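Quick notes on the structure that follows.
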Amino acid sequence: MLLCLFAAGVLVLSGLAALVTSGKPRLSVVVGSTGAGVGCVLAIIPAVRTLVLGGTETLRGAWNMPWGSFYLELDGLSAFFLVVICLVSGVASVYGAGYLAAWRGRKALGPVCFFYNVLVASMMTVVLARNGLLFLVAWEVMSLSSFFLVTFESERPGVREAGWTYLVATHLGTAFLLALFALLGQGAGSLDFDNFATFGKSAPHLAGLAFILAVVGFGTKAGFIPLHVWLPEAHPAAPSHVSAVMSGVMIKTGIYGLIRFILFLGPPPMWWGVALVAIGLTSGVLGVLFALAQHDLKRLLAYHSVENIGIITLGLGVGVIGISGGSATIAVLGFAGALLHVLNHALFKGLLFLGTGSVLHATHTGEIDHLGGLLRRMPWTGMTFLVGCVAIVGLPPLNGFVSEFLIYFGAFKGVGTSGPLTVVACLGVIGGLALIGGLAAACFAKAFGIVFLGEPRSVHAQEARESRHLGMLSAMVILAVACVLFGLLGPLTVAGATPAIARAAGLDGATTAAALAPAVTSLSGVILVAGILLIAAGSLLLLRFLLLKGRTVTEAGTWDCGYARPTVRMQYTASSFAQPLTTLFRMFLRTHRTIHMPDELFPKEAAVSTETPDAFRRKVYQPVFRFVLTQLERVRQIQHGHLQLYVLYIAVALLILLLWKMR
Amino acid sequence: MNAWTDAIVVLVALTNLALLGSSRLSVCIRVVAIQGIFFGLAAVLLRAEPLTMDLGLVALASVVMKGIVFPALLLRTARNVNIRREVEPFVGFTTSLFIGLGLLGIALWIGSQLPSAANPTGSLVIPLALFTVMVGLFTIASRKKAISQVLGYLTMENGIFAFGVTVVGGIPVLVELGVLMDVFVAVFVMCIATWHISREFDHIDVDQLNALKG
Amino acid sequence: MAVESLISVVLALVLAPLFLGVINRVKAIFAGRTGQPLLQTYYDLAKLLRKGAVYSRTTTWVFRAGPTVALAATLAALVVMPLGGTPALVSFPGDLVLFAYLLGLGRFFTVVAALDTGSSFEGMGASREVQFAAVAEPALLLGLAALAVRTHSLSLSGIFAGPAGSVTLQAWIQMGPIVLLVGGAFLIVFLAENARIPVDDPNTHLELTMIHEVMVLDHSGPDFAFIQYGGALKHWVLGALVVGCLLPVHPASALWAPAVSVAEMLTLAVVVGIIESVMARLRLVSVPHLLAGALTLSVVALVLVIY
Amino acid sequence: MDAGLLIWFQVVVPVLVGAACLLMQSPRTVLASVAGGSVVMAASAAGAAWAVHALGPIHAVGEWFLLDALSAYHLVLLEIVFCLSSFYAWRYFGHEQEAGHFDLRIARRFGALWFGAAASMTLVLVSNNLGILWVSVEATTLLTAFLICLHVTPSSLEAMWKYLIMCSVGVAFAFIGTLLVGASAGPARLSGSDALLWTRLSAAAGNLDPTLLKMGFIFLLVGYGTKAGLAPMHGWLPDAHSQAPAPVSAVFSGFLLNSALYCIMRYVPIVESGTGHVGWALDILTVFGLVSILIAAGFIVFQRDAKRLLAYSSVEHMGIIALGLGLGGFGTFAAMFHAANHSICKSVGFFSAGRLGQMYGTHDITKMKGVLRTAPVWGGGFFVSLLALIGVAPFAIFMSEFQILRTALDTGSIVALVLFLAGTSIVFVGALRHAVSVAWEPPDVHIEPEHAGVLDYVLVVLPLAALLALGLYLPDFVSGTFAQAARVIGGAP
């Protein structure tokens, strides 16, 4: 625990150092990212120890603030999230050292290092805090620092808007959290979580309200649809290694909060689980659909974060259903799936964002339809990106499959039980996961295929080169390897996560382990099959090699079906690739298509362009904002500059008060 | 409760209505001055207890101030800013008169509602004071010229003065003088401000001072 | 692991190409033609394996790896697939999910390999493939879910070859409608995944309406052989699902199981041949509707199972 | 020595310095003596506050002057704001003098009025006699009026006139209220001057005439509320704040409003115990608070003038303080806390806005852009203070607002909680939009980058750092001060 504090200290101090040395960009970046790396390594040690050895470490200190206390605790759940945070943030900081070099001399790099380290430190505090006030402060610092990171390239037009959207969204979310904390700590002397824990018993009639507040408050951070609007804005705006951390780790603090606070609200009724499943389905399916319709790489990934949060929420829903249904197995499986997916998504989404960063770094565009053929030019980025794609689609034998498998497993068990509501919800989970899987496969086939394969569609892509910076490459490779390992070592991961799962399901370790046992055996079965798969693939490759040895292997142009002059422009683009599916689901997407038909005898040019803006932003939020604005516009009429009327206001106020209060 | 006070009270009512009804600025100024004098006298006459030294002092001071100093100041300013004489109300004079009568009614009603503690002597003075305050307020709100707003403010002060004298037995002299001092400074400042305004805008129509809004 | 399962797997590996041969022969008979020899697929494979290869300059290692991975995935899927009413080589609770996702893996690499050529045709095929798969996958998994609930087993072997409650001829009598519905769904999925009529026409070439064939235009030599063989094997694996539902024969003695499985598969081949002969290929836009139909069948089956 | 002398010192020093300013020969000396005098006042105020802390309430001139925990706290607050503003004035008018807008005549007038205002505000705080209280409030109005139009321009005159009339009228009502409260002392057998002594009244609060007391409080609330800028009597506030020179706006927003609220605070306990502690007065305060928050929110969203934006935010924050008072109990403590945070933060806001205005030649937000690049120090000050004002953690305002919010929920006033959250959220959304564009949008015209001196850094960094520190750690003596002040009003933390 002290090590965690020390790590946080290192982070903050190195951040300050980077800020001070801002004059010398090279130095400040080195200082900042080194500090971040060291801090993460330091903090991950106690976390892993807690996960392996179990037990909890507590640290209580006084804090001169009403209801506040400096109360930290490292239990299984916190430790698990701490591992996720440190793993991705550390790697991303290594990457960032190289990525930021591009701005050297054009921008002050001290602040971005500072805020990055503060962000990491605050995330650690969020998962460790056991006092409401401390949690809130850390939470807000987290939001604020990430806001400054999002607005790093403030000279780019969209970025300011994105930053505004982000901070507004997260603050409105916090408003709900404030209410929630006030509610949970009602009348209590201090806002320690220990006092919250009695809430379920003391005020069960308010538990539902608290649950809703928690879902909205934490859901905004996590990016539940329709609270996700900030996500597709903020992630593309931020520097890539920051997007990796935000999308991979930061939004997970919302999930953490949700799990942590559901525990306070006493035994959950069935409808909470069903509600979570519904949220998960909406976020998952709509998220992947909107991702499919995007042709900016980072926006696409951002929407996939929404989708994966949806998957995680499906897991949570299954878990809660299990608890309320009194089935330890289902509960444990649900939470296990959710938590493991938190970890896995952090890994592959971090990897994908880093890869995107390299692409941007090399081509200066994230527009998928302008890229292509990058695999030849950037082999490392390409290979790792492919690994990320396979992982995020959830295909065996990579890590994405493990967590989705657990959720499936729980859902199948749930279908087996009685209780129509449970069954329907679990069927929703199964069907939803299958649909999401299929669509995600389509989306990433598109992302990888169009960006890295085929011929370059623009001169940028033509001239792309792999970055020389060792930090960037190694970061991507590390994450890719992690994706493979966590996939092949599924049972071990589950075993490691058991304390967290137990904490989340509110069970003791033994029960949890027992309930997890069948799933673990199945996972070892999966590994067996994966082994067979790899052996088969290996031997087939060998066979292929032997067959082709000594035979004529020639190169030719792609078969062009008899076209006279095929050009790279004729390749399928991201938009055309996704078109069948976007048309299939047009009722949700409402894609705008603008077409210039070729006309005249000798048509000069024709063009078609599609864009899919966020339906909720346009259909829900903008109208609401407009309404509020018009109402406020009315209020402004009272201030029209005429002194006489101001004086009358005084008299009127007086009169009203007299009539109101003197009766 | 003696004949003197009733007479004064009625006269005050008349002054208020005159203020509302008259269109000439100089007249208004004088009317307010007279009103001030009346109230100064009332302060002496209304007391149940015998006339003390400092009460007399206060009464005298207020009479001097309101009867002589303020009118002089205001008339001088009015001359300096050489405005057209009309008062230029938002609300016409006759309408103002009727409104004034309405206000009188309201004031009497409120006076009847007041608990006895507020109105030991049970005289008409309290409603009249309130009436004066209302009229002052109405003047501020309904007239355009800066000076007439100053007049409105003075009228309010008159009313409040009377109110104070009746309601609270013996406000400490220091406070009274402080208040008087304040009023004096206020009028003084307002006059200077008026002069500045007339110099900047070459008019003192307050309703045209509406550049700042929103 | 039982020896008969191993035999069935070996038989599957050996006879998979025959499946296509049978289909073609049936179609020929219906068309009144002599038709190609029954073993034509074997000849093709042999010829391809003997050839060298031509690669597009555009392509990378992804293009070369695609067919191998696809075939490997199909093999892995075969390992967890019970054949002829005997448990699969490997079986564990939840392997049905793995099964579905292994097919997904193969598809993903086929698609990516197709995109690697940069040809608009193959891009088109890839795009259609993923579109249909996205709809087919829920149908498959929900159908399996229905069976899983009905048979209280989370493993394919438990469902199709398990001791009790599994889909056997006797059980068929009781849970007929469910199995019928799920079987129908699986049949549609089978046709879609294997690019058969009415979803796709394997015999046409370079036609804008093609899906699978157009994705593999640029492959040649051993790679193409892998693709062909993998396709045949995929018929066998998915076919096993269909017959598992519609012809759930469980031989008295496990030793007959391999024979039974082969017989079932060949019957299915004949049925497919008949379907292909009597039906026309659907318009592309209506393919999703067909698959949605499969999804509906699965859901209805589930409803029946639950109530 | 007699502790009462401390009070005298508080009042007399500014008067003397102000008088001295009239005799000075150069603007520089005036500005220097302004800064110096403020330091002396701050020091003596600190001494007085310490004395109160040590010896308890101090009296002088019989009972006419009183310095208890509440007034001591406000005295310290006043001196903090006044001292900061004085040093800022040194810089600000220094720049103006270079531009040739600040001659000796203006300088003398500024010095005299500046200290006159300080003296009268101090008098407000120390007077135990409610009559004198009123007199000194009116005096602040008259003395500060000409500070608004230090540079005579049409708009500054307009602002000044509105300020003068509205506050005079409003405060006149407050006098009626004072009289009524005095009259209500009849049953309590308080005769003559005692009837207006706060100590006597609050001692005998139990048996005052409730009807008169209530009526009096309503008049007082409306009257002093006008001066405090509570909606809907806030009409003068944005005009005055936007037209006055930045240092003056800072003092206006940083303390003038608080001094008016202070007067209301004085009456709250009397009225509450006079009406039997049923929260009669608190309800009114709550309503005024909420109305102010919501109305201010509307104007902040559409505001284009930086200083008007800050002014409306003052209306909002006065509303929040009133809300805290109205909620009572812990809310009173939170209100004290919030008052301090707001005064400090708002001063920095006006400092920065004023300096940026000098650089850009306008206060129009749509023209004042990219300040973080052109003026890192003052631009940063403006941006950060704006963020702090809209309640971004970890600045102290977040804490005090959360405390008020939680009190609202604990006292079960859900409506207040919802409206409060809604209002502050609207403000957040609106103000943040301005803040972002001001901070980062590329400026249309070329602006000479600032050359910031040490004093600039101190004036920006020191208060904001203090705000940050208070948000993260509330030292015992600070919270103790708030608590004692709150106890005077009857709030128990």
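First chain written, first letter: the chains are A, B, C and D, and each begins at residue 1.
Here is the rule we go by: a contact is a pair of C-beta atoms (placed from the backbone, for glycine too) under 8 Å apart; a residue touches a chain by one contact, two chains touch by 3 or more.
This is a predicted model, so every value here is computed, not measured.
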Subject >> Chain whose average C-alpha position is farthest from chain B's own >> reply: C
**OP:** Using mean Cα positions, find the chain sitting nearest the overall protein centre.
**Re:** A
Original post:
Approximately how many whole Å separate the CA-defined centres of chain C and chain D?
Top reply: 79
Subject >> Whole-Å gap separating chain B and chain D, where each centre is the average of the chain's CA atoms >> reply: 31
**OP:** Take the average of all CA coordinates in chain A, do the same for chain D, and state the distance between these two points in whole angstrom.
**Re:** 44
Original post:
Distance from the CA centroid of chain A to that of chain C, rounded to the nearest Å?
Top reply: 36
Subject >> Junction residues of chain C, two or more chains touched >> reply: none
Original post:
Multi-chain contacts in chain D: which residues touch at least two other chains?
Top reply: 161-162, 165, 169, 211, 238, 299, 302
Original post:
Tell me, which residues of chain B touch at least two other chains?
Top reply: 137, 140, 149, 206, 209-212, 214
**OP:** Could you draw the chains as nodes, link the ones that touch, and say if you get a line, ring, star, complete or other?
**Re:** other
Subject >> Touching pairs among all chains present in the structure >> reply: A-B, A-C, A-D, B-D
Subject >> Interface residues, chain B side, partner chain D - complex >> reply: 115, 117-118, 120, 133, 137, 140, 146, 149, 153, 156-157, 160, 163-164, 167-172, 174-175, 178-179, 181-182, 185-186, 189-190, 193, 196-197, 200-201, 206, 209-212, 214
Original post:
Which residues of chain D touch chain B in their complex?
Top reply: 129, 131-132, 134-135, 138-139, 141-142, 145-146, 149, 152-155, 157-162, 164-165, 168-169, 172, 175-176, 179-180, 182-184, 186-187, 191-193, 195-196, 209, 211-212, 238-239, 242-243, 299, 302-303, 308
Original post:
Which part of chain A faces chain C closely enough to touch in the complex?
Top reply: 372-373, 375-376, 382, 386, 390, 393-396, 401, 404-405, 408-409, 412-413, 415-416, 420, 423, 427, 430-431, 433-435, 437-439, 441-442, 444-446, 448-450, 453-455, 518-519, 521-522, 524-526, 528-530, 532-534, 536-537, 540-541, 543-544, 547-548, 551-561, 568, 570-572, 576-581, 584
Subject >> In the complex with chain A, residue positions of chain B that touch it >> reply: 90, 137, 140-142, 149, 206-207, 209-214
Original post:
In the complex of these two chains, what residues of chain A are touching chain D?
Top reply: 63-67, 133, 136-137, 139-141, 144, 151, 154-155, 160, 163-164, 167-168, 171-172, 175, 178-179, 181-183, 185-187, 628-629, 632-633, 635-636, 638-639, 643, 646-647, 649-650, 652-654, 657-658, 661-662
